[in-house]
Amino acid sequence: MTEPAASYTASELLAVMASRLLRDGQIVFAGVGVPLLAATLAQRNHAPHLTILFEGGTIGPFIVPGELPPSTNEQRCTRRANMVLPITDVLLLLQRGYVDVGFMGGAQIDRFGNLNSSFIGQADNPKIRLPGSGGGNDISSLTDMIVAMKHEKRRFVEKVDFITSPGWINGGGTRAERGLPQGGMWRVVTDLAIMGFDAESREMTVLGLNPGVSREQVEDNTGFRLLFEARLEKIEPPRQQELAVLRQLDPERLYTA
Amino acid sequence: MTSEALVAPYQDLRRDTLLRDRGLREKVMSLEAAAQLVRDGEHVAIGGCTLSRTPMAMIWALIRAKKRNLTISRSITSTEGDLLLASGVSNHVITSWFSQGIVWGVSKVMRHYTERKLARFDEWSHMSIGLRYRAGAMGLPFMPSRSMLGSDLGERVADQTKIMACPFTGEPLTLLPALNPDLALIHVQRCDAFGNAQLDGLQFMDIDIAMAAKRVILTTERIISNEQIRRLPDATRIPFFAVEAVVEVPIGCAPHECYGAYEPFFVALDDYAKRVSGDAVAGCRQYLEDYYYAPKSWPEYLSRIGMETMLDACRRGRSVYND
Amino acid sequence: MTSEALVAPYQDLRRDTLLRDRGLREKVMSLEAAAQLVRDGEHVAIGGCTLSRTPMAMIWALIRAKKRNLTISRSITSTEGDLLLASGVSNHVITSWFSQGIVWGVSKVMRHYTERKLARFDEWSHMSIGLRYRAGAMGLPFMPSRSMLGSDLGERVADQTKIMACPFTGEPLTLLPALNPDLALIHVQRCDAFGNAQLDGLQFMDIDIAMAAKRVILTTERIISNEQIRRLPDATRIPFFAVEAVVEVPIGCAPHECYGAYEPFFVALDDYAKRVSGDAVAGCRQYLEDYYYAPKSWPEYLSRIGMETMLDACRRGRSVYND
Amino acid sequence: MTEPAASYTASELLAVMASRLLRDGQIVFAGVGVPLLAATLAQRNHAPHLTILFEGGTIGPFIVPGELPPSTNEQRCTRRANMVLPITDVLLLLQRGYVDVGFMGGAQIDRFGNLNSSFIGQADNPKIRLPGSGGGNDISSLTDMIVAMKHEKRRFVEKVDFITSPGWINGGGTRAERGLPQGGMWRVVTDLAIMGFDAESREMTVLGLNPGVSREQVEDNTGFRLLFEARLEKIEPPRQQELAVLRQLDPERLYTA
């Protein structure tokens, strides 16, 4: 796909759009990369009381600009945190019900918001063995999800090869029937659009198009039939101030190249 | 089905534990001596997570000792997983995520061994691995969980779990089988000669691993006196009687990090990534040659990584205490 | 069957939690204001154990506020149990052991209320109470256990537990129902205005209680800055978002102990024992009159206990750091 | 019953006899009072590497002479300990199988070694409501037990009113049948004798008589038919050195009056 004509990268756009979805006072279980940047941007912008949780075992850290962690499991994740605790216990906060939103990147997603980070091709005989779930399955099973990813046909597929992290499974009430009445995929943020899921069918539905992006452009980069809201949200382009915060956080463009 | 997927009868678990010498005794030894405590084919749990508090010196010793057919389990597996597969030490990994780290992309070494079925990669959700260790640590045969339902991830290990309707609420639960590793390798900032260990910062799954395992090998940045331990008993995280061996290895996680002591050695990690970017297996074997087999000692391994890289990692590591 | 013996549907537990304001906010208030957070008939879990870190000042405030029909749960219940029964605040105690302490013999107040069926005393083994809180803290409906099998103790609460054959090993297990108290009262050495709490020494069941409860009231020897908390994040034991109220009450456990701050006030405890050695209920009510209703404030309560007694308890308390 | 004619109290005798049953290197889960005194005496005498665990959450403390804890749950239990941990976790060490011996006092015991600390009389309508189990049920369910108590007819009964802490239940294999294949009552130490349990029937069996105590004296103070070993152990009286340690530990005779 082509870069939207503007002075920001696709990743910066993702981070800005995603940050606007977060509300003050929320507890957000975030992965590194765009999710962390978006959550931190939200904190500095409009959600000063938002709390970030990291899978490695951190509650409420401050990220030091230019010292972004390589994963959620290094000491950089703990700078000036309110608490550190064992991995199992921070993940159990999801099960206990303390977390408002889980927020991560995605490799492959389908029209019902299921995520695959395990296998491309057949699980028993894969073309590519991907790294795996990490906490993805736990987060997706136990809270509402936001996913930020690049909008590409090969990533947006009719049906994922393997459900690593459950979305709405086969749509409708199938997620609850499979034993997961709580949580579910809430928003998918890409460099082209912001999507939600139909309240009934649970099919992926475009809620708004990013500045300068056409409906056709989104459809061309999606491997299945997307629903579109009758009235699409108007999405404001990234503001200089938002981009400035991101560039201060990630001067080396580790995650925003 | 692998042995660690089956839950051992409770009386066997008790016997294994009661037969251990749990008296207050010194157990300091060398890396080489500690490596002899590991038998081929055993299940070895690795402490830390991704690039943090990886017991790299002990893994280095196991690879040099040419162990075979080890099953490895860890919360999240990074470069040590590549090295254990490429060295032939392990052919079975139980973990929730396996690659060097997000910024370096998918591990080609992991792909080579798993896609060609040269090694088995059992994938569990992160919390599920933690709860399996916790059940083992608590002397329980299983831990109930609300995760891994409805997904292919859960389906794929269905032969190792049970789904049950809660007898109190009727809700569906996954029963996760206890994991009681034969050994746990854990690196700590400090412990005494008996094995009473203090852990700073992120603890990951180390305490559950230590209590679940049948034998624990501790490597430590330094050995402190039992008097120091007794002055702050609420700082002890692992009790001496769970520990079989104590090895003092400064900078024992290099090129990974040890909280408050050193951050990841990024220069070394980028070099490793470059070496496995082409023919990954050949690159990894060459890395093993250069860093694992050639050096005569751990200090020599460290000098090959380089003084400047190390000092920089240590400066960054200590910085958590600067604020 | 009492409400806390039944396991609430998971979605109800989640809703209660998600409805709480979990943002980083100040929540410092007075004992009196905190007492208003407790509603008659609720299940209140009490932190500490026997004579240690008993949130006595908060219990003092609840008794003065004339709460009614509270269900009280605690690992081990001491003099605070007598006072909660004799004041009419509680008529139901869930605990593993109930009396002032071994050296003072069986509580005659407990005997009066339980033998006459004026109050209910649900007895569970110590570990079982702990595992019930832990299941609640983990968001699980139950915790399996190998205890309380075969005994009349287990039989007596059989209507609240399930016995099951382990689906992995066939071994019999007791499934203990999760305990999610409406409130937890916990006294700590220090916390910040948001409720991030540090706990020195013995932790008892306090962390599980805090995470299991629907609301937590913290009393603390002192309130420290959030900056102090953030300098040592691995010393935080209870996260702010679990906490509803923070009350600063120096010497808030008197005449019980607070680790590292003061030991039990033995003179005051012997005096209490003497007062309840004859007509126990009358003696206990007189004690309530003299120490709970008459004083205008917690400092006045402390002055009635006496400066010399307090200084001695503090000297002994700090002594753990002398070695 | 009459005090054995000697310069020590019944409690001192109990502590000394019990301490001799402990071996070096063992991990002993001890209650306060005589069990703590006996375990500490063993440490100073013949078992320097013995480790004491307290229910309140302590591993391997040193007891300061004259500062005996009022229960297992105060800071006096933690002096110079190797570790303190939550109550549930220290009790779980029993379930995990780390503990060699549990050691406590008893209010009422029967011929199969079951202990009652809950009710005298009917549980639903008791003559006396006792304090309860504490960790007693857990310890008795999960490890081998030593009980130290005064030898009185009202305490040694045919069948306890209520099994708080399980011994051999109804004898024979009934403990295992009830789901407790591990652990069981191993020794009962009193001011009159030391008793074990028949390997088959699990009936209480006198192994040895304390100095100056007759078989009849033991029978007169027991509410059921005791078995006696064909060859009774010869029990040495407390040595001055043993008594000296006890008196140094408990100068105020808090537990040894």
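Per-chain numbering from 1; labels A, B, C and D assigned in written order.
Quick note on the criterion: contacts are C-beta pairs under 8 Å (C-beta built on N, C-alpha and C of every residue); 3 or more make two chains touch, one makes a residue touch a chain.
Values in this document were obtained by computation on a predicted structure and should not be read as measured data.
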Comparison of C-D and B-D (more C-beta pairs in contact): C-D
Far-end chain from chain C, centres as C-alpha averages: A
Rounded Å distance between chain A and chain C, as computed from the means of their C-alpha atoms: 41
Chain centre separation in whole Å, for chain D relative to chain A (CA means): 59
Gap in Å, rounded to a whole number, between the CA centres of chain D and chain C: 29
Two or more partner chains touched - positions in chain B: 10, 139-140, 145-146, 171, 201-203, 230-231, 233-234, 323
Contacts with 2+ other chains: residues of chain D: 58, 78, 80, 84-85, 92, 95
Touch-based graph of the chains, sorted into line, ring, star, complete or other: other
Contact pairs between chains, per stated definition: A-B, A-C, B-C, B-D, C-D
Sites on chain C touched by chain D in the complex: 49-52, 75-76, 95-99, 101-103, 106-107, 110-111, 114-115, 121, 123-128, 130-131, 133-134, 145-154, 156, 163, 171-172, 201-208, 257, 259-260, 263-264, 266, 317, 320, 323
Residues of chain B defined as touching chain C within the complex: 6-7, 9-10, 139-142, 144-146, 162, 164, 166-169, 171, 173, 175, 177, 200-203, 230-231, 233-234, 323
Parts of chain B lying in touch with chain D, wherever the complex brings them together: 10-11, 13-18, 21-25, 137-140, 194, 196, 211, 226, 229-231, 233-234, 236, 239-242
Chain C-facing residues of chain A, complex: 24-27, 49-51, 58-62, 78, 80-85, 92, 95-98, 100, 181-182
Parts of chain D lying in touch with chain C, wherever the complex brings them together: 32-33, 55-58, 70-71, 73-80, 84-88, 91-92, 94-95, 118, 123, 126, 128-138, 140-142, 162-166, 169, 175, 178-180, 254-255
